[in-house]
């Protein structure tokens, strides 16, 4: 940097002889000076319009708009899945209070309660058509036969447990027994298979009820998109593996979306998707332009560096030091190019999703989100062109490693403290404080 | 500023010759010095009593008192509307728990539940007179006929949905069918119009029940004001547009207040409103005085500036620079005048409201609130007259832009992070953490 | 201060002539130097033991112990009252959920609900003896007759309200009608006075049920104190003054404690109260000693100041400036004396309370609490004797006014902001955000 | 320090005569310089590989791994106990809502409620076998006889309380009456002992129901450990000692784990415990190595110090000052040795626990946790070898006492404030604010 600065400032001092060499040197000096200018200065000296700046500003607006549109769409899908899960929980779980406790949905503490919850699932499943308000039915296989509901119970192979004698005789291997029900008559099976439903709680590890439901997300019709078809794998688990007298009931749904097989839609849908496609195409164009412009700037910078170092080698027989070389490689350009590439990939994925040939919302949102983050962080660079902001940014840059180093030291102590606290206080925390509080209260009454 | 200060300090040095000119100059110098004094100094030099300061202090007290009185009154109205809405929710919504979940009031998950909630509304509405404890009845039209209750259901025009076949055939256009009920027999209609109430949940988008109720806010009688009459437009919406199996029920009320048509009141009411009117008038007077005094000060300052610049042009042939000119325009005076104008408008509105010829509480409170904010901020100016506070205020003034600039930079990063976080983590947040927690727990059991 | 310091430092420079005057001066100088020493230094120079310091340390320990003992005792009384109120709410209020909503206990929204809640109170009251688990019964007057339960309803004198016509004809004067019940047959009265219980909700402002119960706080027996007798004035209010359709039910208890009239106790109680009395006496003694010692120090300081200023007047004919004079008056001594006086008064009150001749726990705790606060703050003075702490304390002392000044400025802005926010945003806050959220959601679905 | 530094820096100045003495001095100087080097420098000068550093890094990894494994295992045990307690509360406490209120589980306010809760416990206990889903049964004594359920009621020996007359006549001594039930017929006893269950609430202080249950933690089978047997001492307390009309019900369980007496297990269990044992052994080995290496370093340092001070005494006849001596004793080594010893003891305890010959999880986790904390804090020392971190660490070291001193001063004020606030505001807090709020609301309606 030193060398570079000194070189740039030593301007045409006592150069009365205008030889070829001096002209070349002047040229190089001008180019260098121009290279390190901000867009405003460039405009003032050579009247070059700040195309790159304009493209960046346009890009920020477009990418943010696109992200918001995609996000709102995405939210529809996510809320559909969540509301569906909530509806299934309300239908299938007895005494469900509307919110999950800790990580499970319902806890049952008595044998009677377990049986009731279990049969409630079967009853509700058999009359699902009359219950649910949503367009959801039993799934069929390829032949049009209804897929069955499967109840599995997992228990220790053999086990005699006599807590009063402090004695047990167990085979620790797990055995799984399953029963498959036809959906419509699921509620009758419990009388036919009463031996299966005679649970031996000492050996029982868990009961799993699995079934598949199909649904259609008709909501998207209103936002003028084609409805998706969904396949819900529902798993209801009665978890007794802790054998603590508390049976936790979980309900998990795994929703797979796919294009519907056979559809016909009339009315106003699928009209404004064209505009969206055009908009997406325009975003790709802007990102490509931005990427090309930045690549060009990097190439120019590398060439300038080569010219500069050749000149130095020839005239002064000195090498340009590494610090000066790194000045030529602008990190911001790299950031912009990476963000552009991510945006282009994300946009292509988005178009595929809109065309219903892909359903990977997650991957697409990672691409679009990361590129938007980078684009906004990139704005700081343009703030740096203002004198007053520049001071601030340089200060922050200088302070950053010190802050990081402090965090590192504090982190070590924190890590040790965390491990220690987790093991020493953690699991007993509630109990200890409880005891202390109760104890104090009793002692304080003299 | 420099010029001004130097000018003021160079006092009558070696001025033995008392010509007309010098007298004039001395005069100007005295006036200038006097102009930049604080009220205390003015009192000390010319014994001028600080009228303006007194008016400001009086204004702070009066405007704050007025704001509090108005606010308390306002709160009565707002709490009346809120309690009314709460009462209507408790009467019309089945299984309402007293607080709204998220943004809806109640969620229903089964077909049976939807029917029950729907008929509950009709039943309760038909016996409203016997139910409600408040003075609320069915609204009438001009001819004295009761306005009907209207039930509308909105559904897709045509739609066959077969989720098991992943097939649908829909007309995306919406069709609305309505039914109008006489209030008193609303509960009978459901048997007469059983076909209307045979809901096709696959096609159903929403059901809207609208009716109008009239009420009187008798509460104000106790605060010696005339009661207002209210017209409540109640809308109960069964929202199935997500088709997720969860039907959300909303209850919205839109309360319009107006003067009652025909009233007669005896006893103690409407006596102390006279005092309030006199107080309001006094507030307007004080604000006007304050505005006039500040305008006069600005006018005097402008004249002084003209004299000063003329003098400079004539004697030294120099122009007064812009910085010095801006010293003459006191920003605080502008603040005071704006706040006075707002307060006057707000007070006039308040008087209109009290006279029952206006009901726009919102607009009035914006005017009064803003003016009070400005008046209190204006107090800082008077603190600046104390030497020690002045240092503090100048320091804060200097630090302000730097803080703002830092916030600007941090804001960029925050904005990018927000967009990125919203799209990448946001909608999946709960699900992801849920899975992680559950997964970890299962894995941690080795 | 300057003068004083210089005087002390100019020590016996060139004083070969030992006249009477010089001896006197040396004496004064020694006394002054000694006066401004810390206890350690005093001990080192004149071997004077730091009695005052010892007394202060003893005082801190004793006053804190006393405060804790009193506080624990006090908490028993407070928790007794609170639990009693909670028990009464659970017994008398129908559908009470265990916690108050906002400020009221239960809200009722229908006419039927009001009647049910009202009769529930009467029913429960008539069978109180069989219900309550605590030693609580109906209060009696002097003649041993049970005090009656009084039901009062307050309504507008005359009122015809026709919301549908937007018409009303009211007499704003309030009329109160009361009914007095014998406790044991309270539940029968509603059939006998059915016309009273035929409520006209349009006119009704509120219903108040008042009765008195007597209880004994037997809990204190276990902490070896005599039980107190309590008289509970219970007021149950059905508040309809808002006429919004929501009737709020309040239950207020006002508990008055007094010594029981007629008591006899055997067993272990009232044994260790002697020790407590002795301890309290000792506290008073220590505080008195501390107060006397500090007063003596102040008197000595004033005398020294007089000697010093006389000397100065005579020898140098100069007056001691005010700053130097204030150095002699030690603010800490004043603090200690005030705290001692408060502690003594508090302790006397506490002894009265323990002797059951007073029940004003609140006044006593204010005295004891304030004195403890002062004693602990006084510790900072002793920390100031250590060199390193002194620097810290002086720094804090210097920074304090600046911090205060900043708070003052910020306070002005905050005050203005609060008023403005309260009136402009406050009452509409929930509604506005609700609408915004709902509106956005609807708009975002394109 | 000064002396030491000066000594090290004064290197071979003008030492042309190579006598024995000078060689010895040079030797000592070299050894000293080497001693104060960081591992990197040592490697550079004498090519000594940093064994000690390597051992430390290995130790961090191993101890942290071990801690996590133990913690996860521990959590299983703790969660088993907690879930068991929760299950017992749900079974035995009537109207238990799933979470404790304040510190009690359920509160009852009526006599009827107390009886119902009491009989509910007896009923549920007699049919425990059919209720609970966990492997839990009545405990037996050595002869195989079921241990009885014991109901005790504690009341004042004699007591006539007449609140209406403000009169009482009590014997403050407590009397306890107990009744012992056979588990299977516990529910019948209440009819046989109806006089016992005729509670006199005025005298009643508390009722305690105690029984013992036995359970087996089968959960550990899945993590390939042998199941533990548990003995639960369950205590249900009906606490009426406040006599406020609110009877609080507590349920406490005290779980004692022990090895089961008679067990037989087949299948996959107890296979990977061998690997764990080997891992634990390796941890002990590493810790021992680390401790030995550090002890050796300390011994070497002490020897070097002796050589150094002898040299000084002989050559310069000066003693090494204390500051310099303390430089030789490296505090970090002491930390490492202490942490090693703790880790070794903890690991041995852990192995004993795994071998089921000990069940003191708490003691073991304190040892392991503390040692892990120390090991992580020790990392800071290695960060200090980097130049840039060293500055930071030294700064923190210097600032620490000042921060502490400030905290000390602030602590005094805080302590005083806490005592004062507790006694003056504390117990009345809710009540005061309640009154204020209510009062204001009523006054504000003018």
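In order of appearance the chains are A, B, C and D, and numbering begins at 1 in each one.
Heads up, the rule we're going with is that a contact is a pair of C-beta atoms (placed from the backbone, for glycine too) under 8 Å apart; a residue touches a chain by one contact, two chains touch by 3 or more.
All figures in this text were calculated on a predicted structure; none of them were measured in a lab.
> Taking each chain's centre as the mean of its C-alpha atoms, which one ends up farthest from the centre of chain A?
Between chain A and every other chain, the largest centroid distance is to C.
> So chain B and chain C: same face meeting same face, with over half the numbers shared, or different?
Different: fewer than half of the residue numbers at the chain B-chain C interface appear in both copies.
> Based only on mean CA positions, could you tell me how far chain B sits from chain D in angstrom?
So the centre of chain B lies 53 Å away from the centre of chain D.
> Using mean C-alpha positions as chain centres, tell me how far chain C is from chain D in Å, no decimals.
About 37 Å separates the centre of chain C from that of chain D.
> For chain A, which residues are shared contacts with two or more other chains?
Correct list: 75, 222.
> Which of the residues in chain C come into contact with chain B in the complex?
Going by the criterion above, the answer is residues 101, 107-112, 114, 156-158, 161-173, 201-202, 205, 240-247, 401-402, 405-406, 408-409, 412-413, 415-417, 419-424, 426-428, 431, 434, 437-438, 441.
> What does chain A use to touch chain B in their complex?
64, 67-68, 70-71, 74-75, 78-80, 82-84, 86-88, 90-91, 98, 103, 130-140, 146, 213-219, 221-222, 227, 229, 258, 260-269, 362, 365-366, 368-370, 372-377, 379-380, 383, 388-389, 392-393, 396
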